[in-house]
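Structure first, then comments.
Naming follows writing order (A, B, C, D and E), and every chain is counted from residue 1.
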Amino acid sequence: MILGRVVGTLVSTRKESELEGLKMLLVREIDASLSEVGKIVVCVDAVGAGEGEVVLYAAGSSARQTKATQNRPVDHVIMAIVDQFEVSGRVCYTKGRDD
Amino acid sequence: MILGRVVGTLVSTRKESELEGLKMLLVREIDASLSEVGKIVVCVDAVGAGEGEVVLYAAGSSARQTKATQNRPVDHVIMAIVDQFEVSGRVCYTKGRDD
Amino acid sequence: MILGRVVGTLVSTRKESELEGLKMLLVREIDASLSEVGKIVVCVDAVGAGEGEVVLYAAGSSARQTKATQNRPVDHVIMAIVDQFEVSGRVCYTKGRDD
Amino acid sequence: MILGRVVGTLVSTRKESELEGLKMLLVREIDASLSEVGKIVVCVDAVGAGEGEVVLYAAGSSARQTKATQNRPVDHVIMAIVDQFEVSGRVCYTKGRDD
Amino acid sequence: MILGRVVGTLVSTRKESELEGLKMLLVREIDASLSEVGKIVVCVDAVGAGEGEVVLYAAGSSARQTKATQNRPVDHVIMAIVDQFEVSGRVCYTKGRDD
């Protein structure tokens, strides 16, 4: 999975019928210093994430293994909201403190 | 999914029989400022997209989860036309206004 | 799918038995100006492509959705020969004229 | 598979229910000289790896082929701890000696 | 598939049980001039390749389509040893002559 931050939202009315009812969020990958890196990906939200939150997203066929996304043409899904992570023994992010 | 803009069309008569009747469009990824970035990918169109429109496309096995593309040798599909998206609370694109 | 040009051929006698009888071609991705970009990939040919031709290839599990490649350890397949493509209303390639 | 080193840990309480009970580790790819290269990925641990260890991880649908990860929205898994590897006849890493 | 050269070996005793008995080799991608490019990947060997040989490897779910790798957490497999390949009519590699 990849560490990312929710940076925006997206609205689409004309879409594959299998996508009805799915919330789509814009996510940008972050590195250990919480800097946004790389490009924006559009993820289906399976966990009720909000803008600014640090999340984990899965890509590829694994993105269809949540209840919300099964058998749907979805290739990126947010499947966890991060509470804390540390690298080399140093806490890099704590939810609430570093948002 | 990836944000892209439809930039062209493609015609092929000699192809896998499973591809008969599928419309193929050339799509280029865009960033939050609507600039075209990265390379051209060829997507099957599952939603009736037209040239110039901002769309979402899915890649990999997820591209075979639409009615049009099931069990076909297709690895990129346009599965939504974007009406609007915003990043950090700022509207980056509104269909009709920014095309 | 990705736009590419067939640039070469490959012979292998010691290989997985599932690969017997499959023709393998070397393909290099091209951009809208027909310049070869990126690295060489080795594709199984599902449509009878020849050296120099502009083709579409699919990658990943979608490469196993042709009759020739089903259930085989193949991750790139040529599934169409391109007749013509255009970008922003300009014809970039016409088979026969631009080969 | 990719060679990586476990560099950190991650805690998440709000997540897809299918992820309950899975340990998630932060891993950074390494090259033949053991230098960390590329970005951090978050892997489910299927083998009891610890921080600092050199491991192999698999990505994509193959990451769901372990007992721990079957049918779960997981796209990276640590499936082996490396004891030793050599390149061009030179031992690059021996567990215990080079950690 | 990708053209690569076998550059090394790897030993692991603590691993997913599904990996028992599989030989793992380090492979580096090569270009048309046989130069090693890109990073090292760890492939399961399905064809009895040896160090220094030019091989083809498949990635992703296609890597699980060999007898050796079925249903195993393997995402790269060597599925052919290359005898010869040519680009633009020029022979770039002949096994035995260019090893």
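Here is the rule we use: a residue touches a chain if its C-beta (ideal position, glycine included) is under 8 Å from a C-beta of that chain, and two chains touch if they have at least 3 such contacts.
Since the structure is predicted, the reported quantities are computational estimates derived from the model, not experimental observations.
Common neighbours of chain C and chain E, by the contact definition above: there are none.
In this entry, chain C maps onto chain D through a rotation of 145 degrees when their C-alpha atoms are superposed, rounded to the nearest 5. In whole angstrom, the spacing between the mean C-alpha positions of chain A and chain D is 21.
Annotation: 33 Å between the Cα-based centres of chain B and chain D.
Counting partner chains per residue, chain C shows two or more touched chains at residues 60-61, 63-64.
The touch graph of these protein chains is a ring, one cycle where each chain has exactly two neighbours.
Each chain touches its two ring neighbours, and walking from chain D in the direction of chain E yields D, E, C, B, A. Against chain B, the residues of chain C that register as touching in their complex are 1-3, 29, 31-32, 37, 46-48, 56, 58-67, 69, 77, 79-89, 92. Chain contact summary for the complex, chain B toward chain C: residues 7-16, 18-19, 24, 26, 39-43, 51, 60-61, 63-64, 71-76.
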